[in-house]
Structure formats: C-alpha cells, structure tokens
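You will see two complexes here that share chain A, one where it goes with chain B and one where it goes with chain C.
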Partner chain A sequence: MSEIASHIAPPLPAAADKLKFYGLWVAAAAALLLLPQIFTSGGSLTTFSLIGISIIFSLSYNILLGQTGMLSFGHAVYYGLGGFLAIHAINIITANKLPIPLPLVPLIGGLTGLLFAALLGWVSTKRSGTAFAMISLGVAELIASSALILRTFFGGEAGISANRTKLLKLFGWSFGPQIQIYYLVAAWTLIAVIAMYALTRTPLGRMCNAVRDNPERVQFVGYNPHTVRYLAFCFSGFFAGIAGALAAINFEIANSAYLGAVQSGTVLFATYIGGVGFFIGPIVGAIFVTFLSLGLSDLTPVWQLYFGLIFIAVVVFAPGGITGLLMMHRPLLKAGTLTQMLPSYLIALVPTLAMIAGLILSIETTVHYTVNPGDDSHIKAFGVSFDAASPYIWAMAAILLIGGFFVARKTWTWVGHAWDGVTSVAREKGIAA
Partner chain B sequence: MSAAIELRGVEKRFGEIAIIRNINLSVAQGERHALIGPNGAGKSTTFNLISGYMAPSSGSVLLRGQPISGLPPYQINRRGLSRSFQVTNVFANMSVWENLRCAVLWSSGQRYAFWKNIDNLPEVRERTAQILADINLTARRDVPAGLLTYAEQRALEIGITVAGGADVILLDEPTAGMSHAETERAVALIRRLTEGRTLLIVEHDMSVVFGLADRISVLVYGQIIASGTPEEIRGNPKVREAYLGEEAA
Partner chain C sequence: MLELIVISTLNGILFGMLLFLMASGLTVIFSMLGVLNFAHASFYMLGAFFGFQISRWLGFWPALVIAPLLAGAIGAGVERFGLRRVHKNGHVAELLFTFGLAFVIEEVVQIIWGKSPVDFRVPPLLDFPAFTIFSTNYPAYKMFMLLVSIVIFAGLLIVLKKTRIGLIVQAALTHPHMVGHLGHNVGRIFMLVFGVGTALAAVAGVIAGPALVTQSNMAGLLGPILFVVVVVGGLGSLPGAFVASLLIGLVQTFAVSMNGSLAGAFGPLSPDYASTWLADIWGVTIAQIAPIMPYLLLVLILIFRPMGLLGTRDT
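Up next, the complex of A and B:
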C-alpha cells in the first residue's frame, strides 16, 4: 500500500479488531446453541424459532427500506411464495423419495423468492418512492387474491400442508421435535444474517446506500440506479423466501395468510420499530415485535390496537427506532455522562407510565362498552381485574391520562435540558454527539 | 483530432417554448472552456443536455466524435464525461470517504459486485485517498456529507465529479455563494484537478472566468452569440452589449 492510502484512508481493522469481530459471530453461534439448554420448554423453542424467522424476514426487508430507500407494502409476496414452494417441495421430495434432506428446503424457498423478485421487480424498481410503494401494493394484492383463486397450487382457504419428517434423514434427525426445528432455524438465521451483513460491505451494498441518499447523483458516477434497486430487490426476495420456507417448515403448512397484507405490514412494523438506520435494527425489531405479539395477545383482546399505538409512538418520537434511541446514548457512555441522565429519565418515567396506565384503562373500558357491552363489567386486562362500570375507575383513568400527560410533558422538557447539558459535555470531550 | 465536446444544432423545447435555440459549440481536448451568459440564458440546460440529464429535442451532442445525445447519464459518465451540479448534490447521509469511494467504484471496474469486500480493494482505497487529499478534506473524512460547511460541500461536489477519472469535466457554477478567499481556493483546486483534462465550466464570477478559461462562449437566450479567447470576448461589441455591458451598468 502506498504512502497516501495508509495515511489518509480510514485505518484497516487491526488483528485485534478482526478477532473481536469474528468473536462476535462465534459468540452469537454459541448463544444460539446454548439457548435451548436454558429455556427448555416447547413454547420457548417455538418462540425462538419464530424470532429467527422474523429476523431473517425483517433483515431482508431492510435491504429495501433501510439500505436502498424503497418502501415496500408487499414484501410478504416473496416470503409467502417461498413458503408455498417449500411445502410443495417437501411433498414432491417425499412422494418421489428424492435424496434431498430438509435443511436444504429453505434454499428452495430462497430461490423461489429470488425468481419471483427477479420477474416482478424489474418494472417496480424503475422508480423508488411513491411509484415503487404503489406497485408493491398492487403486486401484493394480485398475488394474495390469486392465492384464493388458484386452488390447486395454493390450496384455497385451507392452504397446503406437508409432513416434514419423511425426508432423507441427516445424522438420524427426523425434524419432528421442535428442538430440531429450532436448530435448523438457528443455523439458517446465522447464515442469512452473516450473508446480509456481508452484502452491506460490498460495492453493490454501498451503491444501495448511495441510491437511497441520492439516486440522481448515482447516475453521474456511472451507475444505473434502476439496476442497483433491482439487484437489491432480488437479494431481498431471496432472503424473504428463505424466511417463508422456514415458517412453512415450522408450521408444516402454507396458506394465503403468508402472502397477505397483514404479513407485509408486520415486517414493516418490526423493521421500523427496531430501526432502519442500523444493521442490527431489524434484529432488535424482530425480537421485540415477536415477543410483543405473542405476549400482548394473552393480555388483551385488542392487542393490535396497542401494536398500532406503539408504531405511531415510534414514528413520532423515535424515528430511529429502538436501536436509534439506544445508539443516541453511545457518545454519553463514552464521555461517562450517561449516569447524569438517569435522574431526569426516572422522573419523566413516573408520569409517563401513569399516562399510559390511564390510556390503557380508558381503552379497555371503551372496548368493554363498544365490543362486549352485554358482558360482566368486571374485566381483566394486562393481568389486572377492575370494574369497567365503576365511576371511580373512569375518574381514575381520566386523572391518570390527563394529569399524566401534563406532568409528563413538563418532565420531558427537563429531560431535553439535561440532554443538551450532557451532550455538550460529550462534545467538549471531543466525542461527536 | 475530434473535439472533446461538440454540439451541432442542438435545440431544447419545453412544449412551445424553446429554451435552447440552435447551439453550435466545440470544446477542444485539453481546453478550459467557460460558458457565460445572463441568468436564464440556458447554461444549466446546456449542461443537462450534454450530460444526458435531458435529451435534446433536435441536433446532436458528440463526445470525442461519438454521438451521445439520448444516452442515459450513466452511459455518458462511463464514456468519460463527468459533471457537477449548481446546487450541491452529494450523498448526504454518507461520510465524505464513502461519497468519494462511490464515485471511484465504477471506473475501477467494480460494477455491481456483491462478492467483493469493499474494504479489500486496494486500488479503490488508493484512489479515494488521493481525491480526499486533493480536495483537502482529509480532516473531515468520517463526517456525513450533509454536515459539512457550504464550502466543504462544494469541494466534495468537485471531488465526486473528478474522482471517476473522467477526462471531460463539466462544472456548474463551482464557486457560487463562496467568499472571496473561498473562491480563490476553489479556483486553485479546479486548476489543479483538471490539469490535462478538458473542462467546460459555467461561472458567473468574471474574474474566475477570465483567469481560468482558455476560451469563452457566450450564451444569450438559448444561443451562442460569440466564442473566442478571453481577449476576443472582452473586445466583442455584441457581448458587451448583451452581457458584459449589463454587468457594468
């Protein structure tokens, strides 16, 4: 390497950094291996499998949204088609006794996603922005409605099922028990995450970022933004197909819900709530949203309403998502001023939680009177029983909600002042905040 | 030897209105050529027509004798013509380093490679570092382009334009909005970076134009009314009337 590059270019990672980097992946692999030893119940293994699938799906979505700046409303198409093809593949392999083991089936799903992305993406990726979003929505509706019409392939309302245990056995694994499915999902998750991370660090990956920032200028440095978007779309479809195939293997069924608007919406939620600006954002989002959707549905019948409220709150107050919020604190951590924020956070937390409690009380009471007016007014939400007909509850809800709102607004202003103080300290120490 | 850039009877109409009316222009290889004219004369439109941002309504544009009119901008860029923008047009969320590296990638043959590690390309690294040093932004290497000062963004704009090694460079008002000192630095930078290349520059600052250009063309109402050396242009009565005279008054 010449003088100039070694002086001016960003330093190449030293051996210690490389070790740290690879150590991270090894640690992730070890954690995935050990997880079932700590949480042994079948339920938690299913949850972990769903999280792994959701991580792959959300990361594949972020190739579009976060990395290339394309907002898709129809990403479930490639997930769903991957799932259907996986189920058909399992049935064909079983029927013909082909020497293909189950762990290779997700690859078939991935190739399906890739193929359909390659077919459907050429036109839609001509433009980004509104045109792309609308076309993605149209294509999604088209495929989702054909899933109900083309019964021989999609199985109509019931979907298509398969038995995953009758394929060629590897190491004597039948993939009947959930633990074996967990390991299958974990392995594919690790492979897919590494591959998608590597993709961000290639010439194509960087040109995706350039297209996101300024597609016009990209044309004047020799690149066709359409080709960049199209390739990103194909990769995204490939990994979505892997996720869909894993879901189909996990449930041993593929139905039209795989392809539908709810599935497309959920991946958008998870990715955005996690944070589109960071590679790990969608991973965080996938974990959070999977736990939330599994947990909330036990606690309240209107869990989707809360889901929507959380999404709105993230869009309005934390557009960088959970990861963005956490990353904001990194300079403070480096400057050692993070602890100075804690008192104001704790003070703000009290009225904010009070406001949220008031909101939940109001929502649940309203739900009682609008959705189930004939039922007993003693209801239970989030594990707490209360009488929805009691005026005391109404008064309490109003006081918590309104009082909490005004006090919270005041305290968050204090948080803002404290934030300005600690970030300027961090800046004085030469740490960019 | 064919001209670096040649415009033959180029017209651009938007509906009924002709913005560019029959431009004939020839820029020799290795020449520094300035395009001047009052506001609204069609200078930026001319740049858009040459760089492929727009296609001419009629007439043809030639790059080293090869017709390029109607080609998309990236095709023209790959043939060795690169332009800057009047309004800064960088990759705002990416660092200065990333901006310049994106501008180097195609010309170093990386195309749409998704199997190569971007940090493992010595030639790209070398050339990016060279450009970064050339535009004096080494200290700002890791700053997102959107957070640079105005003059720094203008320097980055020029850096992105020349980074791909194109031998025909079009600069659209590179010193607009700069202080006197900043302008001097920018002119020195342009002079250095376009050494041995062909330069076509749109500029309002007459001291820059007369200091930098080998030849000048004057564009008024979508037509070239004069082309010549700085002395010829200074002495041309039509130019004085249409343009320089207005400036003086």
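Up next, the complex of A and C:
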C-alpha cells in the first residue's frame, strides 16, 4: 500500500524548495512593512492601500475566471455589499459601543459577501460558460438597480458614510492617519493572499481546475460540477467582500458605484491584463491597472479609451496577460537562449512604438477637434506639446500609424521565426516550453 | 383602465419588437459563431448616432438606409479582423474581446458626440398623431417604428425560410462543421451574418433614436436587458428570443404604468416594521421597480427553467 501511495503522491519538497517557498512569503511581508518607510508621502500611501484592496479583489475574481473558468460580469456585487455592510457595522458598533475593533470589520464584509454569494450563487452557477456570464450580468444589474430603490439601506445616490476612528482602540491605534489604514490593508492583503493561495492547493482548488478544463469528466469521477462551481463562487464572494469592506474603511463611505458595472469591469480588466493563468497574474494586474488608471488620468483626458484599447490589445495579442508573456520566456531563460531573442525584439519594438505614437497623435488630435474645438490648438498629451491644427502633425500621425503598422507586421513575423528557432533549441535541451 | 391596457399593450409590443430586432441578430450570431456579442447594444447605439449625424446632413430617410449599412460594415470588419483572430483563444477570449469593444465604442461615441443627449428629432413627415384613442394621441412615428420592425421581421423570416442563403444559415445554426464540409465558405457566412446582425441592431437604433433618448449611455442601459432576453428565451433559440422580447417588452411597459405598492394594497395594516428600513420595500411602487423587472424575470426563469423558455442546449 505504502509503495503505491509513494508512487501517486508527489515527492515531498526538498529543504531548499521549502526555504524558497516560505522565504517568498516572508519577503513579501517584509516588503509590505518597509514600503511606507521608503515612500512616505500621503499620496503614495493611499495608492498602496488602493493597490492592496485591488489585489484582494482581483485574486478573488480569479478564483472564478482563472481557476474555475467562470467569466463573471457582476463580481462587484459582493465587493459592494461587503462595503455597505462594513459601513453599517461601523455605525452600529459605534452607536452601541460594542467591543469590536476596526481590524475585524473586514471580516464582517467578507461574511456578507459569503452570505450573498451563497444566496445568489446557487442560481447563478447552474449554468456555466456564456450563460453564466449573462446571468452574472443580470444579477449584478438587479442588485445595482435595487440599491437605488432601497434608499434607506443603501443611501441612494449619495451613499452612506461612517467614522472609522470611533471604534474600540487597540494599542492606541485610532486608524485616523492613512499610514495605519495602510498597515491594516497590508495585513489583510497578506492574509487574504495566503488564504487564497492555500485554497488553490486544496482538493477543492484542484477540482475547480478540473471543472474549468472538462466538466463532463468531473461528473464521471463522481463530482457535481454545479456544486464545485457554487463552492468556488462562495469563496470568491467572501474575499470580494473583504476587499469591499477595506475599500469602504479606506474611503469611509459606500455608495452605489461600489456595486456597479464599472467596478465589475475594472476587476475584469485588472485580472485579465495581469494574466489569469497564474496565481500571481491578478496581483500584477491589480498593481499595473491601479498605476495605469492613476497615471493615465493625469496625462490625457480620454484615458478610458486607452484603457479599453490596452485591454483589447491584451485579449488579441497576449491572451495570457502580462504574466503569461513573461512566463513564456522562462524555458528560454533556463536554456540560456533568451539573449538570441533580444535583437529581433528590439527591431520589432521600433515600428510598434512608432505605430502607437501615431495612434496616440491621431486620437489626441481628434479629441481636440471634437471635445474642445474652440480651444487653442497647441495641446499637450503625455507630456508632449504639439499643434493639433498643423497639417504636418496630421501627416506625421498618418505616416507613423500606417507605416508603423505595415513595418511592425513584417517585423513581428521575424520575431515569430526567431521564437520558433529559439524554442526548438530549448526543447532539444530537454526543457519543455 | 381599458385605455391604459390598450396603450400599454401597443407600447409593449413596440418595445418588444425593437428588442427582437436586436435579439434576433444576437441569437443568430451566437448560434453560428458560438460567441455572445457583448458589443451588440453598442451597434444599436452606433446606429442611433450615425442616424442622427446623417439625418442632419442628408435627412432622415437616407439615414435610415445608410446608418445600418455603415454599422453593418463596421460589424463585418470587427468579425473579419478582430473576432476571427481571437477565435483560437476560445470563447472566453471572444466574449472579452467584444466586452472591450463595447467599452471602446462607448468612449469613442462620448468623444465624438459628448455625454449629453443629442437632438435627434422625429422627421416632420411623421410628426403627427396617428389616431386618438380614449383621448390619448398615439404618435404616428411609433406606428412607423412598429411597421418597420414588423416588415424586417417578416423579411427575415422569408429570407431564413425561403432562400438558399437562409437554408445555409439555418444549417449552420445547428451543424456549422457539416456546412463547412459541404464546401460553403463558413468564414464568409460568419462575416455576413455578423454584418447583417449588427446592421439590424443599427436599424433598431435609427428608428428608436428619435423616440427614445440618443445618448452615449444608451448601450449600457439596453445591453443588459438584451442579454436577459436571449437568456430567458433560451440561448440560441430564435423563437425563444421572439417570445422573450415580447414578454419583457410587455412586462416592462405595464410595470411602468402601474402605481400600486405594498403600502397601497395593505395600507390599513401598517405593520411596525414598515417604518424601519423595510419602509423602502413597503412603499415602493410597481412603476419604480419596472427597471428591475427583466432581471427578476431572469432569476425566476433560472430557478424554474434554467435552459430558458424555449432553449434546448447547454453551452
């Protein structure tokens, strides 16, 4: 018996692997502790808090999309309800002077998310695939519209607010200053990330992957795919609720925008751009998208258009997301052939950048003529000033866009050939791509 | 009361036919390509805005023809150069592609036409009351909308049932591979169907534009209802989409015109909890919950008939 077991069970990890694994988590914790020492400004602390919240939310979303293969257009429902309940909880705790400190409030949010996921999930997860996507959209619209009808509970358009500083104080922390909120978010982020990683290693996590890949076979093995989807949905709702509660604590307000389609869309963008195929993908996506939305909105008024275009570009050209792109290169790195790719990448990069520059120029020029036609034609976008009325700029935009497109298409075929050569070398060395 | 029923029925059928104009294209596209076009409502919006712009330049009647053609051409381009590329990455990628597209189209429309509603007027030729019923004037334009939707519906039915291309489309609905094996250019059929489907949505946009509000959020408002229609009707079922369109059109129109509430019906009871936050549920009128009616219907259908009204296949 033991012989068979030793064949089936994976070998115990070596001490070095264990060290690497736990070292990674300790390093992550240390980095979270040290970040505010390096970037001390209030603005960066707010950004870090937003990123932490976004990481939890995106990872919870990836339990659905990446691990169980359910594309949801309404994940913000559980985020938003978690946020609303957290605000109500803070108000009730303050009013009744209950001995519950603020760090436990996200748990209330999480349980709310869990409760509603358990309620709505059974119906939603009856179908998978496209039907599930549409159902999640319908349920999200139902909740978001109801939030505007049930004014006493959801506060209508204005939302409801709370004061986070009036709760039971632990170790003299009032949670007034942003730095304390940052540490609260960081601690919850770490806990949630570890919990969600652990979830992927459980039998349930593995069954989720099986349901994603082949639900029919899951039935043959004796599991009900509906139940597995439902459980994944509940866990996902729980962590989304935690993220929502943290967001509500951070802003001290919850309004109907928390539940809305924009929020659901943002988490989908972040998760997919980061990459759904790897656990770390949504983390990368959350960081990238938060910086992108903060940074782009300073640079150009139509940043949402660029945001959408980036998303489409990722869907078309890099379905694995950022992490998928990076991970593609791991076998090459191991085989030591990565340097051979660099020249063709550099060659392809030039026309691609030219094309993007041309696209940006044309968009910004168009925006000048349609959004504010009466203004001065010397406009500034992405830190570069140019005259939108000048025909030279139009010609340049056209040449860059069209010329760049054709040259880029050519060079990317070369990249494809180089890639084939390099991966076959790696495969000959026995490294699976 | 009778007046209310007659007017609401007319309006409900009108809204239902408009929904079906879009849902039919969406259903046929879904059945053939296996992808639910998330941007379908965006083509409806594009139709309305193209119609508005062209009717300014050339008048309403040319717009009624040109705008759908334009939107259909864009739709065909999207299928040819976008969806076909993404197809190898699976259905999720295709759905996400159309989702991103919907997002981008809304942004582009906002950039070009702004966020506030545009002044898209009923053409003067149709700007008169068609008939007076119980002292309510029913506008001729609404009758025209009804007429256009019914004509297109009939045309679609004839094309699908009586022509060669209709036969191929019908065959491709259930057996796309077999159609390919028989030597038809499935890629071109897909492009054509996608173009026609988006053009139909654009027709709905042009004729609905003057009657409803032409604004950059109209796709976002109508899109979810459209998806409810196809799920309630049964994904991929054309008759189901027809029934569901009319059902949702009627339900929503009737709900808007009703003023009853729990408080109105059981007012004298007035329980204590009616003054707590449950007051919202107690006092809300049916007209107020009209916007969520389609979604309630969706949840009910999912509980009692997960395949949809006339649906047969799971996806």
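We take it that the second predicted complex is superposed on the first by the 424 of 433 C-alpha atoms of A that agree within 3 Å, B and C clash if a C-alpha of one lies under 4 Å from a C-alpha of the other, contacts with A are read in each partner's own complex, and residues count from 1 in each chain.
The rule is short, and it goes like this: contacts are C-beta pairs under 8 Å (C-beta built on N, C-alpha and C of every residue); 3 or more make two chains touch, one makes a residue touch a chain.
Predicted, not measured: the structure shown is a model, and the values here were computed from it.
After superposition onto chain A, the partners chain B and chain C occupy separate space and fit alongside each other.
With both structures placed on the common chain, the touch criterion links A:I179 to neither chain B nor chain C. Contacts of A:L305 after superposition: chain C is touched, whereas chain B is not reached.
Once the two complexes are laid over each other on the shared chain, residue contacts for A:A195 go to neither chain B nor chain C. Using the contact criterion defined above for the overlaid structures, shared-chain residue A:I356 touches neither chain B nor chain C, since it reaches no partner. Using the contact criterion defined above for the overlaid structures, shared-chain residue A:V371 touches chain C, although it does not reach chain B.
Of the two partner chains placed around the shared chain by superposition, chain B is the only one that A:N209 touches, whereas chain C remains out of contact. Touch criterion met: A:A131 reaches chain C, while chain B stays clear of it.
Legend: residue contacts after superposition of the two complexes on their common chain; A:A261 is shown touching chain C, with no touch to chain B.
When the shared chain is aligned, chain C comes close enough to touch A:I149, but chain B does not.
Figure legend note: chain B and chain C, brought together by superposition on chain A, show a least Cα distance of 13 Å. Residues 51-52, 72-74, 77-78, 82-83, 85, 89-94, 97-98, 101-103, 105-107, 110-119, 121-122, 125-126, 128-130, 132-133, 138, 141-142, 160-161, 163-164 of chain B are the ones that touch chain A when the two sit in their complex. Remark: chain A residues 65, 69, 71, 73, 123-124, 126-131, 133-135, 137-139, 141-142, 145-146, 149-153, 261, 265, 268, 272, 302, 304-305, 307-309, 311-312, 315-316, 319, 366-367, 370-371 touch chain C in the complex.
By the touch rule above, chain C contacts chain A in their complex via residues 30, 35-36, 82, 85-86, 89, 91-93, 95-97, 99-101, 103-104, 107-108, 111-112, 114, 220, 224, 227-228, 230-231, 235, 276-277, 279-281, 284, 288-289, 291-292, 294-296, 298-299, 302-303, 306, 314-315. Partner chain B is touched in their complex by these residues of chain A: 1-2, 4-5, 7-10, 12-13, 198-199, 201-207, 209-210, 212-214, 216-224, 227-228, 231, 235.
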